[in-house]
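Multiple structures follow.
Shared between the two complexes below is chain A, which has chain B as its partner in the first and chain C in the second.
For the complex of A and B:
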């Protein structure tokens, strides 16, 4: 009797079913969110994109349609091409080093050491600090005077020969900024890897140990494959973060010395607000958005296939 | 079975979602903060001034408020670099403050010519003080014959020096380039940094060129700007090359502090104030900041920075200082215009100019000029002063290009011909 009643009730509220089985999500619930997203993201983005085909200065009503001139200029602009090079170098450095350190930290605090909870908090702490504050802090650390900041520390431990003009030397400045970003964000990667590590079954490790597998073999054949979802998310986030890096550069070097730390984000900002070329700036922004989207799609496609294989 | 317990991507997204939202929300809040920019409809008059003009503008507003009980204002200041961005963003969004800082002449995205061309400034031509603008300065205030900004006067550019440091090295103020090199050499031998240079702050990079170019370019070719406009002159084939080579000569001889590209304006200011460095090439408008950085402000003086060995060719740069203008979209434009009319009165001009160490726009009777500026007055009287170079540049790209190429030169990443070629290319771009 009870079973029959339950069956009847299920029939009465019969949910739409997916072709492959399971209940389809009620898409109508997403409509309010989609409307808000369209209003505050899609509409401004598409309406602003129109400026890329004009010579608008960013203020006033005067603007003329210039077709693809801004895009042609972009691909012949030494400053923009230099910024693209810097953007890619920064992204590669951040993706590789930040995730490498994040993984090592996660493995370190996933052990049974007593202070692991404190260490997790310590390593994650920089993430919750404003990037502007972190930048100003590191600008102080990078003070070029021999008796200040990092240079003073190097001198104190007998490494005075390594003192540098960390943000003023065009050959070093980009890597100084990259180090600051990595210092701040490695904890973020650590947390994601840690979440992945928490899901790796202990039984697998135990059975592998019984079979005589060492630490490296267990990491390679058990931990690393099962971390695939975490790797996907970390690589995606750090790639997008690297390609769109802005705050730390503006706060620490303003793109200088010269153009040594300019990225596509700082170029589009300067074109819009310093040079008064909003149209050209929007063209840079459009190309950057398409570039980031393309890289992300290719990356996630590859990483998903890797997850499936794992 | 065990594999089913591994963390899926969806679960991972749930786990990191909280952190992502938190970080994103913090960013969004900071990005959206301070959105109270639209001020024109009610409340006090909203004013944003240039940091270098704070003392004078604040005094003028305070005095005006005392005399007008129905007047109130909300004043904030912005450093030079942020004026280009934050204020311009407000202008673009149509919520600029009623009264805001504007650079005189042309050559910057926040300059009078650029903003008046976009119909963003209120015409002030009907005010009586505009008739007293000296002819040579009209280009800084006017576009198409209409006056759009008020500025209290002209700031000169030269060396702010520490008299005690000079006395320690037993040197006097130099009047020629060779004397300057000799003075720097003696200072260096005494362990004092001859010239403090904070070239990490972009606008500081231009100052030594600006100090030298009146002597290397304009003394010989006073109509250089007109020739540039006509396309018959270029940076590369002018005395600009001489000026940049001299700039680099100072660096090669070790007359700057170590690592100027990594040193900020504030650090350089402190070096001169405390006597660690003997001088810095600066505009007189920032004298107050140097005095604040010095335990003995009276030890600071100023002298024209010599560019050549011919005393008669050593002209000085003297430009109209950052002004204020009324937003064309302000609903309190009449109130703002009345305040500017008040600022144009001779006693207010004098008081403001004195507060920011500049030479008054005009004076009736004796003008009060900061005593340290006296070495510059003969140059102004003899028409040997050239407006700051950017005020005649045709677009907003030349000046930032100048900043960048100087940093590249100081960093050893460029040459003088390559630097000037970049400036010429920026100059030839359309406004």
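For the complex of A and C:
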């Protein structure tokens, strides 16, 4: 009796995806990884979350508990609120445009065109290059001089009237940064959508064509529902990427002009390493962490339900 | 799929999109091959005649040679440690049926969504206290810890889909768990090890913020950190900056071109679990 009960319980705990039984190795196998993970990720994260409620300056051990002061300050700090607004705007722009372009590119190269393999490589290539270098490349493209980079190109095709100080104009700078990220990462979205498209059975399209379904109808009723897992992954990756955007801003604008392109990540960096307000900085980090976690959970939940409905 | 007139139209549209997409690269590469006079007069033309002087100067000024060595050392070591520790831990997590094993697995998954900014400052303090600022070991320790959750996640999913019969047979034949892992399981993990290697290597090679913080001024800076300092120093010398950026991006781009199939597959499949 006890044996059966135990066996049932063991089966319940087992992950459902497991195929073979197998003799488990000793738990010592996981110890080295666990120690390093705890040291580098878990302990600092908890310690950081704790110091968000203190006035720690980052130097020495002296810190006193200040309750929610840091958070109150955050919600009355124009720079932090502006950064929060910028972070959300950037994230929305990146998620929508990057995935839109990524999907169009994937649909374009998932066809019989002769250049499809070359185009995949071209559109994906920026993904493997350091964001620092891509940012500097675009910093040149955005050169404010009328005879350099994008402005020169606009002049050459007769659109000189559209010339801008792309990174110096506070009302455009944020979108210029967003576009750099989109240029670099659209190829990443593309390959994930492509993997999804390759999983759509060709027979479904063929039988729908026999039934007289057009391109749009087939996309809506066959391709799109079956792309759900790829959509999930892409939305999650681009959302988390947008919320934590840092390198491109530091390399292109350093948050300027003024605070026009500051994000939560750049503000928490400056608060910690420029102003020495470590307690306040970790409060900003905690807000960012809560955003990332909340968005991840909402997206996983919503998109899971869509996947099963499809 | 037949090549119809519609396909041709699509081909033209896609190639035009690729040309527009590559405009920034064209602007940068041509810039790198021009002398200052050409840059001022004809910003978008092809370099005539092309001059390669900027490249030697950029290589020297940015100390790219030693930066490439630093980056290679840190990336290769971190990826090796990640593969060994990650696959060992995942082997336990995938095969165990205990509640402890399940809890540990969830604990590792938490690390995937935890933004590293939260622990950034305490971690910096700790690395400083351990005397690891400005060292290769500090960076390798950091990347191992930060990338372990994702690595363990990929390996665990893959090992769960493997039948257990092989190892059971080896264990019955008297092999130790470690021997069974090294000779039976690990070779079976090749496909996912490829994905783990590519995703981690690209991330570590290109990472900027932590090496800037930990290695700045140590003489052991990685390529992105050196490039950042170099560009900020020579900011108005466009030809030199462009040559430096082209040189710094070239190694990983060449490697990508050689291994493109594997790299694209790794990125496309890595997150499906």
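Here is the rule we use: the second predicted complex is superposed on the first by the 271 of 310 C-alpha atoms of A that agree within 3 Å, B and C clash if a C-alpha of one lies under 4 Å from a C-alpha of the other, contacts with A are read in each partner's own complex, and residues count from 1 in each chain.
Just so it is clear, a contact is a pair of C-beta atoms (placed from the backbone, for glycine too) under 8 Å apart; a residue touches a chain by one contact, two chains touch by 3 or more.
Predicted, not measured: the structure shown is a model, and the values here were computed from it.
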item	value
First, second, both or neither for A:109, with chain B first and chain C second	second
Which of chain B and chain C A:270 touches, first, second, both or neither	first
Contacts of A:165 with chain B and chain C, given as first, second, both or neither	first
First (chain B), second (chain C), both or neither touched by A:188	both
Touching partner for A:292 - first (chain B), second (chain C), both, neither	second
Contacts of A:278 with chain B and chain C, given as first, second, both or neither	both
Which of chain B and chain C A:259 touches, first, second, both or neither	first
Of chain C and chain B, partner touching more chain A residues	C
First (chain B), second (chain C), both or neither touched by A:123	second
Chain B versus chain C as contact partner of A:241, first or second or both or neither	neither
Shared contact residues on chain A - chain B and chain C	58, 127-128, 130, 132, 188, 191-192, 195, 229, 233, 269, 273, 278
Chain C partner contacts - residues on chain A that touch it in the complex	10, 13-15, 17-27, 29-30, 32-34, 36-37, 39-49, 51, 58, 105, 108-109, 111-115, 119-125, 127-133, 136-138, 140-141, 147-149, 152-153, 156, 183, 188, 191-192, 194-195, 229, 233, 237, 240, 243-244, 246-247, 250-251, 265, 268-269, 272-273, 278, 281-282, 285-286, 288-289, 292-293, 296
Residue ranges of chain B in contact with chain A within the complex	2-3, 5-9, 11-13, 15-16, 19, 22-23, 26, 30, 81, 84-85, 88-89, 91-92, 109, 114-115, 117-120, 199-200, 202, 258-263, 267, 395-397, 400, 403-405, 407-408, 410-414
Residues of chain C that touch chain A when the two form their complex	1-3, 7, 10-11, 13-15, 17-18, 21-25, 27-28, 31, 43-44, 85-86, 88-89, 91-102, 104, 107-108, 111, 113-123, 125-126, 141-142, 144-146, 148-149, 152, 157, 160-165, 167-168, 171, 177, 180-181, 202, 205-206, 208-209, 213, 223-224, 227-228, 231, 238, 241-242, 245, 248-249, 252-253, 256-257, 260, 263-264, 267-269, 271-272
Parts of chain A lying in touch with chain B, wherever the complex brings them together	57-62, 127-128, 130, 132, 142-146, 165-170, 188, 191-192, 195-196, 198-201, 203-204, 226, 229-230, 232-233, 253-260, 269-270, 273-278, 307
